[in-house]
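What follows is a pair of complexes built around subunit A, which joins subunit B in one and subunit C in the other.
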Partner chain A sequence: MKNNSGIAREKGTDLLQVRDLHVEGFSDERWHPIVRGVDLSLKRGEVLGLIGESGAGKSTIGLAAMGYTKPGCRITQGSVLFDGVDLLSMTEARRRRLRGSRIAYVAQSAAAWFNPAHRLLDQTVETAVAHGIASRDKANSDAIDLYRRLQLPEPESIGFRYPHQVSGGQLQRAMTAMAMACRPDLIVFDEPTTALDVTTQVEVLASIRRIVEDFNTAAIYVTHDLAVVAQMADRIMVLRHGQTVEEADTRQMLTAPAQEYTRTLWAVRKLAKPEVQTHDHILSIDNVTAAYAGRVKVLVDVSIKVPRGRTVAVVGESGSGKSTLARVVTGLLPAMSGSISFDAKPLPLSLKERSKDLLRRIQMIYQSPDSALNPRQTVEEIIARPLEFYLGLKGQQRDRRIAELMHMIEMDESFLDRLPGELSGGQKQRICLARALAANPELIICDEVTSALDQIVQEEMLTLLMRLQRELGVSYIFITHDIATVRAIADEVVVMHQGKVVEQGLKTEILTPPHAAYTELLLSSVPEMDPDWLTTLLARRKNQGIASAAG
Partner chain B sequence: MLAKRAARTADGAPLGIRMRVNPVAKTVLQRLGFGLITLFVVSIIIFSAIAMLPGDFAKATLGQSATPETVAALQHEIGLDRPPIQRYFSWIGKMAQGDFGSSFASRTGYRRTVAEIIAPRLYNTMFLAVMTALVAVPLALGLGILAALYRNSWFDRLVNTVTLTTISFPEFFVAYMLAFLIISRDTFAGTQFAESLPVWLAVSINWTLNVVPKFPTLANINDQTPFWEHVWRAAMPSITLTLVIVAHMMRMTRAAIINMLSSPYIDMARLKGMRPMVIVLRHALPNAWAPIVTVVAFNLAYLIVGVVVVEVVFVYPGVGQLMVDAVKSRDVPVVQACALVFAATYILLNLIADIISIATNPRLLHPR
Partner chain C sequence: MTSAEPVIQTTGAPRVRRTRRSRMRIALKKAPLSAWFGMGVTLCYVLVALLAPLIAPYRETQVFSEAFAPWGHEFMFGTDQLGRDMLTRLIYGARNTIGIAFATTIISFAAGVTLGLLAAMYRGWPDQLLSRAVDVLMSIPSLIFALMLLSIFGSSITSLVLIIALLDSTRVFRLARAVGLNVVVMEFVEVAQLRGEGPAWILRKEILPNILPPLIAEFGLRFCFVFLTIAALSFLGVGIQPPSADWGSMVRENATLITYGDVTPLLPAGAIALLTVAVNFVVDWFLHSTSGLRDEK
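Up next, the complex of A and B:
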């Protein structure tokens, strides 16, 4: 993919040429444009990164490059020349013969894109066998070879597992093996590492990069993460609202982006807050151990202190117990042992034993506002509920408070009679925030509240949260896996791994070396904008022999 | 718990095997246990419901002119004078040992057991049910798969319309219409209606009718009827039942598959260049079995417990008719036995459906 050896890799002739592509999607009883006149071209062995916010049309373009649209979408104009032949005007049968064999696809969430009913090996070799490219035996042994190249554990036997029996990182690599099975000329990677933890992401990125290089495969790499695309792509194309913003070689794009919009894409990375130390703690968790019914312990002997009016960021990969910690604090999952004190008084461990007032003082905001908001309630009903329940506000008082809250979250009162479905992701998350604020809480637990949002919206949300903290003195427990977010908002940081606290302290202490071994692994795995980052990191890890977290 | 402790000391392999077998076997045993509990509860409901029915066997048999003494004597003879709780436990106790008891129609020296009354009727009912299921289930699955494959085409609409029509009519209406069709085969030419039509039309209708085999409209059989004769005579009720149940199963098959077709892994199969038929059969269907099997089980249960109307129309001697007759004559042991057989059928078929759902779910069959 990238020129790592120092010798410029020879790029071949033109492989893909997309001209004036227009795609429309059907929703709300009419057709909306998704892609509006995009051109792109790709040479053999070249990797093009498509980057943009959600809704920019990058995935749609990736699929259109295979002559495919999702159900409910249609290509209205343009041409997709693959190896000189227009994919859009050929018969479905001919397109089918190209797909899987000469153009392949790797999806974001392998867990959903693998068929749960079949073993990995059967799915890996399916195309090669169906298209008559290889015999079943030959395809099987080739698949095992690919598993080995992609550093999957137990390559001989992993293919006999079902998708739910392997981890997310392994599944993502198995999907890459499936795409490689027929040695295609072009692979479309659609956010292949977005759903993974940073520590796993490094492994998968390295595997993908190596195999694409080995077979000189051309690729379209779709992502919203500039730092990731910087490692993978020779060239980057920035998209917005279905149109090209700019296109340039990776290094040039990173050092000198021509467009203002491109610069705003990594704005959140510059957001930073000076930390403040305080010894006045609102919440202190002491030696808490918790487990889900009859299973292994998810939290082991965890002690955390939350300073009043400040932010504690809890970081760690999935499975580290971050979200369980939130459930323990809210009392949804009563701790098995240990104690929690809130405002210097002991806090009953179970939700059922807490008074209404205690419940009011600790509120929670979730990662996905879609599942946290009742789709049939209007914004007004959603915000009014805690006002009535906790504070008993009625009539004018209630309405005045709702208006105040809307003002706090910087939204217009005209949104009050809308339903959640009519709002954007960022707006929905603000409504969740308003609902939490309505209870006048002293502590808000934010569980990955910005992970589902685009960079720019993330920045707005984080700025809003910080402003509210200054004005209202509310404390936050901020659960996240994103180190940039930690830099932006935290006073103190707690690093968690496998249910235990690895390290905790002031932000600067944790984020500057020397680190605990796991913190080092976590921090060094966060992609940086430098296009040589991955190469350097892998080389360094190889030298130091750092145990890498298995994907 | 014990298995876990043992597995921890053993090496990796036995752990894997244990983990693979245990949850499924456990679930199956659990369902079986629930089934037995349900059956027990149902037996109480059946018994109480029948005990609450107005009138009793003695009065119904002896007629209105019977003296209270003769009624009491007969009640004592068949045990109706005992308290209900005692009667229930003696009934369920014998039932558990496979003794269905004696019919009230038994007299001293002439014992008629419930088992010997029900057995031939149950055989007839099962015969009809199996015969119908063998046609209807593959037909429904096939049509459902094709309708899903060619969804929104004229074929899909035609199948949907036809099946919706047959399911919308009451079953006795379908039965009589079919019987009418068979009768018209011989009589159409002479009707006023036929004479009012143009000759060519009347002739072609007559010809079409004559293509239909002359199925017997009365399905009168007995235990001497040879096998193929039995099939031939049961054809009309079987066709009627097929028309009634195909729609439900076919529509569920179609809906379950179409539901799966919006999954990301179906997009993946398309992007791997799979043919539509392969996508439906290999990628969608294996994940759609659970809802389909549930509906199939429901309809098969109907074939055994719900066919009394069709039996009456075609005078087919099945369990349904037997039960209705027994209710009329207040022959309580027969009614109770029929009701319990019906309940057991329902529970058993649903149990099988559950097991198939588990067996087709790799998450349950192959845990992590």
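Up next, the complex of A and C:
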């Protein structure tokens, strides 16, 4: 069989043909359509990008292309022809033989897919050995070769580590190696870089692209990030509500999208706000050092000033201390040394020493609205509590204020008796915002509030936040790792790296060259819509040796 | 601009929220036969216990001349060693045994859940103190421990209830602490702390509603165990004291009949067994439907 050979396969012949695919999911004692009649075809060596908001059915299509559905879903109609054979009509045993050997899958969070009790190498070669494609020794040496191609550090020994001993980006590459172990004809990538930092994302994208090209593997690349798909895909398919909106070659899709919906997907990248400088500061953090368990220092000598009625964006990769900064400001993690002053008065460092009124004036919104909202409380209960607690509102006054708040976040009162589980991600985040606004705060700390949302919903949320700032004069500390978001909302920018402030200043100052070395690395790692961006970037980094300087 | 429009409805169709009652009706409709059986039987027991004076043919402690009378017209299940009607005793036994078991379970849950959640919330030394104390209590076999305490304090109904409740609350504590720990780390608890809420509010409003399903299921199970413990203690003679009717001591008092091939002492034992099975059926169903487990094809 040719799938066992490492050499490039004949390009351009049809590999996968999906016709009129319908998938349904079971919830609320009913079957709901998830995918309604999607056609797609894929040639050998071709990469197809599937994009769309969440709930568009892109992951479901990705899985269905392997003849698989998640539990609680079923394929009701259509055919999936893989290399001329219908995956849907064959027996489960035959399908299982194909999966892993000729079709492979790379999931979003590799950490959840690796078995923590086994070494990486054993898991990488497991499928190849189980399918009898290679002997254990041969598979092991092949895996090391793959690790090298994916540019994992110490390819000979990294396989002997356990999943928790490597970083998220390395794990994602190890999972790609696992998928590649049998040299499949088709790989389905399901948001493989969404959970990674921009700086790590670049490396993973580059490795994936290289290996797909090397082995001439066809791939379906599922993502909601347009800039990423622009780097990876030959062709892009836009999905919405389980239907195809449009499909075209990457370059054509980027330059001349035919549909209105596709154009709105582009919008958040274009959102921009002119900055305003002010010297009236609502919060100033001076020389703060903080540590967990009194030992590991997470923030070292951090000083940040937050202008009144404006937005400070705090950027940096994960582990840079951004979220710890939020915990220090809210008093959840009292700073070890340094001082914080709020509205020109010193702010007690610990939560317990702050008065109810001080607590009211600083509010926080979290990254994941799923865990920030109590699943057993209705929207009304959630919003009403701060009104009763801080302001003592009751009866009609309370109801009127709730209606006002719902209006502010652009939702209507029919949502009041819903539970959080009955809302979409964007709606949930709006409720979190309403809960914070209910306290009439002067400062809101937003910790990655848009990163769990889709592009379109993100744009709506950012527009809403900016409108509220104009109307209410509230100040934001906006923690994010996304530079497009920074452009959209910030007046000032703080760049953090390893618990220290690298740079602080007005947005345009920070975002225009010359940059500090780390800022440069961070900014240049943000994918752009240009399909040649990754190629150019890698070539430039190679020349300048920036990558080595950053390491 | 989207900001002018009142509602964003881009994702998902709007859903009608079900009321608690209609959700319950759907759940009941899907309940398996075993659950229906369990609910039916439990309901019968409760009715019998509540309406004992109306149903029972005689008074609880009414003594007739004939001891160990055979089954017949006058005494449906015969009489016991003192000449009291077995059926009457069985009916009143339901009242005593179930009533006491219920009270005991409630007390053990009130104590166990409160302390367990406090331990989960504060962790540190309060958690250590409570958990180690519970470990100590659990390390002694509970029946022997109960026997010892009862012989120290005397076997009045109050001390019986309190002692069993104390011993049982250790297990409730463990469960409440374990499930509470999962909820305590959620961000909505942090939000409440940031808001400045007191521990009582956080415990009652934020944590408790989220751990209710496993607690209710455990309540059913613990109720059975308490019930069995009382029966066992009564059988050993330190439980519910005569002349109050109760199933455990009824088995003991009439045990000699077994040697003559009479099944009468098995009736109270059977009553205990049936209720235990029935309650467990209901609990099983409840656990299954709230744990989100689905029967996969």
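Everything that follows uses one rule, which is that the second predicted complex is superposed on the first by the 535 of 551 C-alpha atoms of A that agree within 3 Å, B and C clash if a C-alpha of one lies under 4 Å from a C-alpha of the other, contacts with A are read in each partner's own complex, and residues count from 1 in each chain.
Heads up, the rule we're going with is that contacts are C-beta pairs under 8 Å (C-beta built on N, C-alpha and C of every residue); 3 or more make two chains touch, one makes a residue touch a chain.
The model shown is predicted, which means the values in this text are computed figures rather than measured ones.
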TODO: Using the touch definition from the top, say if A:113 reaches subunit B (first), subunit C (second), both or neither.
DONE: first
- [ ] Classify the contacts of A:71 with the two partner chains as first (subunit B alone), second (subunit C alone), both, or neither.
- [x] both
TODO: Answer with first, second, both or neither: which of subunit B and subunit C does A:542 touch in the superposed model?
DONE: neither
Open item on the list: Once chain A of both complexes is superposed, is A:101 in touch with subunit B (first), subunit C (second), both, or neither?
Closed with: first
Open item on the list: Applying the document's definition of touch, where does A:136 land relative to subunit B and subunit C: first, second, both, or neither?
Closed with: neither
Task: Residues of subunit A touched, compared between subunit B and subunit C (which is higher) - done: C
TODO: With the two complexes superposed on chain A, say which partner A:366 touches: subunit B (first), subunit C (second), both, or neither.
DONE: second
Open item on the list: Contact-wise, after the overlay, does A:400 reach subunit B, subunit C, both or neither (first, second, both, neither)?
Closed with: neither
Task: Touching partner for A:422 - first (subunit B), second (subunit C), both, neither - done: second
Open item on the list: With both complexes superposed on chain A, which partner does A:127 reach: first (subunit B), second (subunit C), both or neither?
Closed with: first
- [ ] For subunit A, give the residues common to its interface with subunit B and its interface with subunit C.
- [x] 71
- [ ] Can you check the complex and tell me which residues of subunit A touch subunit B?
- [x] 63, 66, 68, 70-71, 95-101, 104-105, 107, 109, 112-118, 126-127, 130-131, 161-162, 164-165, 178
Task: Touching residues on subunit C, where the partner in the complex is subunit A - done: 1-3, 5-8, 10-12, 15, 17, 26, 186-188, 190-191, 193-197, 205-206, 209-210, 294, 296
- [ ] Using the touch definition up top, name the residues of subunit B that touch subunit A in the complex.
- [x] 262-265, 267-275, 278, 282-283, 286-287, 360, 362-363, 366, 368
Open item on the list: So in the complex, the part of subunit A that touches subunit C is made up of which residues?
Closed with: 28-29, 53-55, 71-72, 330, 332, 351, 354, 356, 359, 363-364, 366, 368, 371-377, 385-386, 389-390, 407, 410-412, 417-419, 422, 424-427, 435, 439, 456-457, 460, 463-464, 467
